[in-house]
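Two complexes, one shared chain (chain A), two partners (chain B, chain C).
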Partner chain A sequence: MTQVAEQLTIRIDRDFSQTPGSRNKDEGAFSGEEFLNAILLPKFEQAEKEGTTLLIDLDGVEGYATSFLEEAFGGLARLHDPKRVLKILEFKSYDEPLLIDEITSYINEATA
Partner chain B sequence: MDRSYCQVVIGVNIKKCKYFRRLTPERTLLLKKNSKEVQRKTEWRVYRRRKRRKLYETRRNIRRNERKYRQPRSRMKINHFKRREARLKLPAKFSFIQNPEEVLRFFGELRKHAENNTDVVLDFADVQTLTPDVIPLLCAKVVVFAGRINVHGNRPRKKELDQMLLESGFYKLVGISRQKPRNALLEMHREKIVMPLIAADARRLTAEKTFGDPELHLQPLYRTLIECMANTQKHADSQPSRISWWLSVYHDPLTRVTSFSFCDAGVGIFKSTKIKKLAKFAMTVGFWKNKDILKRILDGKIESSTGLHYRGKGLPKIYSDYKNKSIKRLFIVANDVFADFDGGTFIELKNQLNGTFLYWEIFP
Partner chain C sequence: MPLLRKYYSQLIFLFVGILVGFSISRLPIQFDDKISPIALATFFLTIVLALYLEYKVRPSLSNTRNEKDILIESISDIKEKLNELHALYMSVRELNPLPEEKQTEILTKLREVSNLISLLKSADKYCKTYQRLAVPDKIIKAYLKYKKSLTGNKFKDPNFTFDRLDWKTQENAYRQHMTALNESIFDYNKAR
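The block that comes next holds the complex of A and B.
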């Protein structure tokens, strides 16, 4: 009997901040770059290693700037294969469902 | 001849006198008045007196001259340090979204005075209309010029306008220390970096005062604020964290509308390097003007000043939030373009704005 690895989860409001900021660290606090390096990338690599998916819970925050989302998820797609990123990542956004399409487009356009 | 007599008469040491041997009483008497020694002595005294007098006069003249020349010199000094002062009347309709040309002309005059090192007295007395959108611009300009010149002035006659300036912190900025009221309708913020907490506070204030629910999610508003702050880093200057941005949040208790004004004193959108080159090309061909470029930026058809294809999505997102009616009454002013999206007008301004200005409202 094969054991299925448990799905990994990132709740941005709990694990990172309720007030995400802009793109780079030098622009201000809670940037996309900070989120990518501190949380998203290690968890993604862990999920990839364990052969499981990574659920990103986008709810519970004040909002997301385009630069934050692009740097975090587009940045991840620039480090890893965009198709692989889309395969591993799963999104949950009840507050603003359109965010999922937006993030998907950033991942697809990251290396275009 | 009695030596002692002679000594008394002449009044000098007789032994040292070379005419001593030839002295007779007659001669002695003569010597008393006309002898060379006496004459020489008298001359010497006169000479010394004259010399003293001359010295005294010289010193006196020096003193007089010093007094004479010190005064004009000190006057020159006063003239040097005494600053020129000009009185600058504010437009009666001091509103950037309603009267942009007049307001920009006023800021142009303020700049001219700053360049000429002339202190400015701002005359608010005749201001009839003052809208919250113009206050961050005014503060930004005053702070930019405050390093060069002193800016002070009077207060508006209308009490509500005076109250608005007080709440904005403008008076504190120009050195008038007055206590800011606790329940202020106008909040002013000035920073150099992206401040998510300020955006979150503004969202909370809007949710509470406009919609009556402080926990209401207003993601487009928060996003717009963060995009504006981030754009300051991109459009204001090539080096980050050098240019301040100003944000005013004003809540009208009658209409329950919350209005946001955001400005920076950077180079503006069109002077960003990448766009500048493209604009130059389009302008030489004669196709585009700045207003056409702004339209293309908002539609996402012009890439970012960084040259990276995945950047430059901030302004298009603000525009799309406006089109989705998440934010209303959007105005964008950049350099010589005044865009009123509700009116659908893109006006070319005669007087330029150095920087970028955004205004929008949130309705209940």
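The block that comes next holds the complex of A and C.
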């Protein structure tokens, strides 16, 4: 009997920063670009390979600028099929539930 | 005795009914012995209609009004928070660079507005006695546009400053957000 692959998780406050920054690396620390390349993309590809989902825990940070979210999640959707991205990613945001709608819109509009 | 206490109003009505009936029979009034079927049908229809209005229509209208009031109150809360946010933006937009704590303060206010919109969305979902509207979607769209206009460029950069050329866009986004909120109040009010 084979086991179902366990869900992967990224907790942004713990795995990245409690103070996410701007869009690109040259605009300061903890940028969306840095998050995408160092954490989100490798974990996404791992989840895809293992056939599981990736839970993004958005809670515990000071707040997200649009530029950070667009670069990280819109950026992922520019590298992979947006439909696939939405299938694999799951979100948790008790602090600000509307963030999930916002991120979903960036993923959908990334290649538009 | 407990039975009397329980049904005292019904007993009073019964007693008054008997008295009235007895008094009417003593009055020199002539009643027609024939009963018109149309008059009888009208009589029963009136009773049925009165019961329907009292127990079906009135509570439904009252529930709808209460739900609308809840939703409109939620929109007023969003407007208040949005005004606070915009006042903060106005007070800091000339700072060069905009200190990081001010950037965080703006993000916190945005989060507060966002959470109030989220509450409205939940309330809208549970208010089911009126027709479905796309009000929360319209407000969310306006909110995201406003957020993008404020933080969309290089927010959280230590050297960030609000570009004077963007002020107009930010003002417009704020006005559009306010308009969406005001229109939503009318939308909810008009909804059936």
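Note that the second predicted complex is superposed on the first by the 112 of 112 C-alpha atoms of A that agree within 3 Å, B and C clash if a C-alpha of one lies under 4 Å from a C-alpha of the other, contacts with A are read in each partner's own complex, and residues count from 1 in each chain.
Just so it is clear, a contact is a pair of C-beta atoms (placed from the backbone, for glycine too) under 8 Å apart; a residue touches a chain by one contact, two chains touch by 3 or more.
Small disclaimer: the values here were computed from a predicted structure and weren't measured.
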Any idea whether chain B or chain C touches more of chain A?
B
Have a look at where A:Pro97 lands relative to chain B and chain C in the superposition and call it first, second, both or neither.
second
First (chain B), second (chain C), both or neither: which does A:Tyr64 touch?
both
Quick check on the superposed pair: does A:Glu50 touch chain B, chain C, both, or neither? Answer first, second, both or neither.
neither
If we overlay the two complexes on their shared chain A, which of chain B and chain C does A:Gly74 touch? Say first, second, both or neither.
first
Looking at A:Ser17, would you say it contacts chain B, chain C, both, or neither? Reply first, second, both or neither.
first
Answer with first, second, both or neither: which of chain B and chain C does A:Ala110 touch in the superposed model?
first
Footprint overlap on chain A, comparing chain B with chain C
19-23, 27-28, 62-68, 70, 95-96
Residue ranges of chain B in contact with chain A within the complex:
193-197, 199-200, 203, 217-223, 226-227, 229-230, 233, 240-241, 309-311, 313-314, 317
Residue ranges of chain A touching chain B (in the complex, touch as defined)
17-24, 26-31, 62-68, 70, 74, 95-96, 106, 109-110, 112
Residues of chain C touching chain A in their complex?
103-104, 107-108, 110-111, 114-115, 117-118, 121, 140, 143-144, 147-148, 151-158, 160
Residue ranges of chain A touching chain C (in the complex, touch as defined):
19-23, 27-28, 62-68, 70, 95-99, 101-102, 105
